[in-house]
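The following block contains the structure, expressed as structure tokens.
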């Protein structure tokens, strides 16, 4: 049995970064982890139409993996289709945003989110409200970077430092979340730049998924939704 | 390295039940789990004085385990000394109540808590507020049972059924939490009686602790508090 | 120009009931209202997969109406695709659930929701959280009726009376919302049975849409999203 | 039948500005809109004593209009006497602040309020709490302008630009509300300066009132308070 | 100097009951307490129009007492004119509802309110929201009694027992508040019937006012509003 | 009978400052106030271990004062052992932080906290959540001063002015709280520098305790916890 981590965008290099980010976790894991690229997805998930548009392909693709799946991870910070995936599958399904929030709540009192652009912040705020954890948010600020600009290390680190410091000093964040699936390579450096723990959503979700699989071992019906 | 699960009360049979409850998890875990009884603790933790009274012994005992610890779990549903333990240790520290809440939030929208007595509910409500997740609570109702009465299976199952059904039907709970460390033996039956998933706090915390250890593998400084 | 009200399920008789429900409003309206059935939709929207599955057809269908649209209304109580519709269109887009909540907030302090089944309540609770108005909810209770059973007047009225009275007397609701697009024919009777004002989501959204069109007249760029 | 919009301060020029602001709405409306000045009111409503002091005259004046009224609008951003007006009248009664908040909630996730002075902000915060929508507020900041200074276009635009930009960039507002009845003439320019939609409370309330009248057509008893 | 407690209704016997209720406090107080009846008030404050209608007379009457006042208490559970009174006076002004809530928050985690009729509950809920303490409310239930019916001891005690027990057992209240100025004579018996502490609003406000006067002694400018 | 104010740290000079701060209150009080130093406490309470570590000594010491106590005040801004003290004693027990928050809520709509260091802010945020009053917090900012540095008047006043002004202007605080037991000597000057009322926690708690004692006079069983 395997934990299937599905990147709902079609960019294989993003999936490759995820695999690299979770390698230390996979190395320890008693259950296999496999990263997949959703070929039907857009190159990047930037709009609400993208978010809603990948749900059906996600359901279809995950259905093909169903028989050998011990858990699924939806690896996009908008957690597209999470509720539908949970409805469709008996095994645990995790979203990287929800997992990152839960992880941050274990590591500090108020988390700060570093989002790529302003557009996604509205979605995050709505989602935090839906999760009933808005009070744990210090602030969610835009880096003002496009997905492609993340390749520019110098510029990215400069913005991460600026925004991370603002989240810490002006908004009182004591833990940070990189609000995007493809920023694991910057996590350690952001921790060093700010002195705060930084949560990478993919790593948080991979670890959480392993925990869910172990809990399922206590009772296979445990994850059954009502 | 080992995940040390410390039962802060001095009742070895409670610790034995915990070990039994987490056995399926331990069997899969890449890291060893060890359950301990805090000999300085009271037979059961029922009052605020008990909660506060075990903090110092917990800190002292955990200090003796420090060098071989990859994580700690405080195994009492009042999460005594959790903040102090996190302050004292660089490795992850989990509380079974916080872990149960996080687990329940992954399994439903509003959780119901089955507490032993009325006295602990005030504490739970304060704690949920401190965690900023009060909106996820459906209700917290007392079973009206003492720790010893949990040995009376018939009476306990009757009350679990009554209270669990009330939480589901009157308060809209879609997931249940047994608000006590020693009720794992009733979990599956409570699920069958109510048709709702039921979270056992010790199992939830053990699984979460393994996830935290794996995350630490991504970055040993990760858990460092600011 | 026209306000296009789209029923995202494929049941024409439901659309016919909507048209009937809003007839008094259409009769007064300075702008035409047209009700449409989304032929690609399922007969009824009951699962999360249904909710997510209608978004793309909704976007496609609304796109064909775009040039002559002064506003859109998504006429399903789960407000499927509302964010994506707003992203796609420059004209106002209303959801019947959001509109019903806003209307209820003008008519009482705490609204009660009468939902068909238990399954949709989780969605409603998440949505109220996303809207930041959870404190205005008295309770959301299931009628335990399927869409087809709504045709059974006697049974439906009996359950509406039971649940409406419970929302008023046990949970303190001072206004009620029928949590489904097809119950307008029961609104007046539910008001008489409970003595509380009752909001029909389709009527609330139609009226709100007319208001939005008039506001747009003050400034055509007004509805432009950022 | 007529929608009566009552400016509770005695400054006829403010009433004239309101009439101008809602002219595009009135031009489309199937029901007449009439703006009135409350002669017993103070020149401007700036203190809590002013707010409370206009309630009785408002009730008395609205009573004289009762027989030909299809709805009332209280046109002061403190919504003076709104609850008493609703208690007194069977027809819909709207306040421009409540209407502006509802409108802003349809146009963005978090609204920013531009208030004239610091003194009114305490009132706004209390009111948002009473409405249960505090989570939708980004921030409420003072322009530091008196009512008379609004006549100084240059100074006013400069402050609107500064405060509007701060609300957008530092506090994450994605929609703005001018927290005063007499600023409609600046709305379009504030939208251009900030790129955010801006809600004028009088326009929002006028449009909402028309919607309420149309809903009343579905059921004359609809607005009856319990 | 004197603490002036003003009953904003015109029923002298209610004022007499207040004086009796606070007698044990007055006997210990270093500063004199005087109870007054607002002759311009209605016999009882039951509607929103009553609430708003007493503000001007309250301000006028309190102004005549100003020179010898060390504090004011507005002795109606709707706290009419509290904000205006605080704006008008430099000395501390207390409302009996706000004081009762604060007192209850010191005595339990979630308070239950026993209101006379359904009508006032909407007001209480709005007020708790304005105070930002809604999370501390267990529930607010109507006794279904008019002010005059409070003279019927048997009937009143029966309802107090029913509602108090419901607040405790169904809604988890651990402290109760009698939501009316004239019920002090029932407080001790309600405590005995429910086993919960019961807050009488007038007693709570009188004690709080004495505390405020003592704080003022530390700094006469202390209470100055900004 | 006496109100015993216990400074849980072992620094007698801090206790001396407290006694000085409450002298004007003690001078008016009908009941004696006595300040005590907890010799078993640390010189200052700066860590969570300190907070938890003083609970047992506090309980033991307060037990020796029990027979002549009319109330207790725990005089540390972390309110260590407050719940345990209330459980242990039948007389009122107040914490200076809770009392300061309640006092600030009477003096403004949103309070700002001036904390010594960043470390204590996490604790304050958790506590405000537990009290259910997070919405009343404007912000909690660190002065960046150690307890000893408070002796440096020039430096302290400079930071108080900077932070107090930021709380007022950027975060909209309309009342301030000095988040430490030993800053009463700066209160008046901070009020003058900011124009905002400033709450000293020890003064607030002393005044509140006197009020509680007077309330107890109405009913000796009043403070009995359930």
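Think of it as A, B, C, D, E and F in the order they're written, each chain with its own count starting at 1.
The rule is simple: contacts are C-beta pairs under 8 Å (C-beta built on N, C-alpha and C of every residue); 3 or more make two chains touch, one makes a residue touch a chain.
Per UniProt, the chains are A, B, C, D, E, F = Hydantoin racemase.
From a predicted model like this one, the values you see are computed outputs, not experimental measurements.
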Chain pair repeating C-E, as identified from A-D, D-E or A-B when over half of the contact pairs by residue number coincide: A-D
Residue-number overlap at the subunit A (Hydantoin racemase)/subunit F (Hydantoin racemase) interface, same or different (half cut): different
Label of the chain whose CA centroid is most distant from the centroid of subunit F (Hydantoin racemase): C
Geometric centre distance via CA averages, subunit C (Hydantoin racemase)-subunit B (Hydantoin racemase), whole Å: 41
Centre-to-centre distance between subunit D (Hydantoin racemase) and subunit B (Hydantoin racemase) (centres being mean Cα positions), rounded to whole Å: 50
Multi-partner residues of subunit B (Hydantoin racemase) (at least 2 other chains): 108, 126, 129, 131-132, 134-135, 174, 226
Full enumeration of touching chain pairs: A-B, A-C, A-D, A-F, B-C, B-E, B-F, C-D, C-E, D-E, D-F, E-F
Residues of subunit A (Hydantoin racemase) that touch subunit B (Hydantoin racemase) when the two form their complex: 21, 24-25, 27-31, 92, 94, 98, 102-103, 105-108, 131-136, 174, 187-188, 191, 195-197, 200, 203-204, 206-208, 210-215, 217-219, 221-226
Contact footprint of subunit B (Hydantoin racemase) on subunit E (Hydantoin racemase) as seen in their complex: 108-110, 135, 172, 174
Subunit D (Hydantoin racemase) residues within the subunit E (Hydantoin racemase) interface of the complex: 47-49, 51-53, 55-56, 59, 81, 83-84, 86-88, 118, 123, 126-127, 129-132, 134, 226
Contact set on subunit C (Hydantoin racemase) toward subunit B (Hydantoin racemase) in their complex: 121-122, 125-126, 129, 134, 139-141
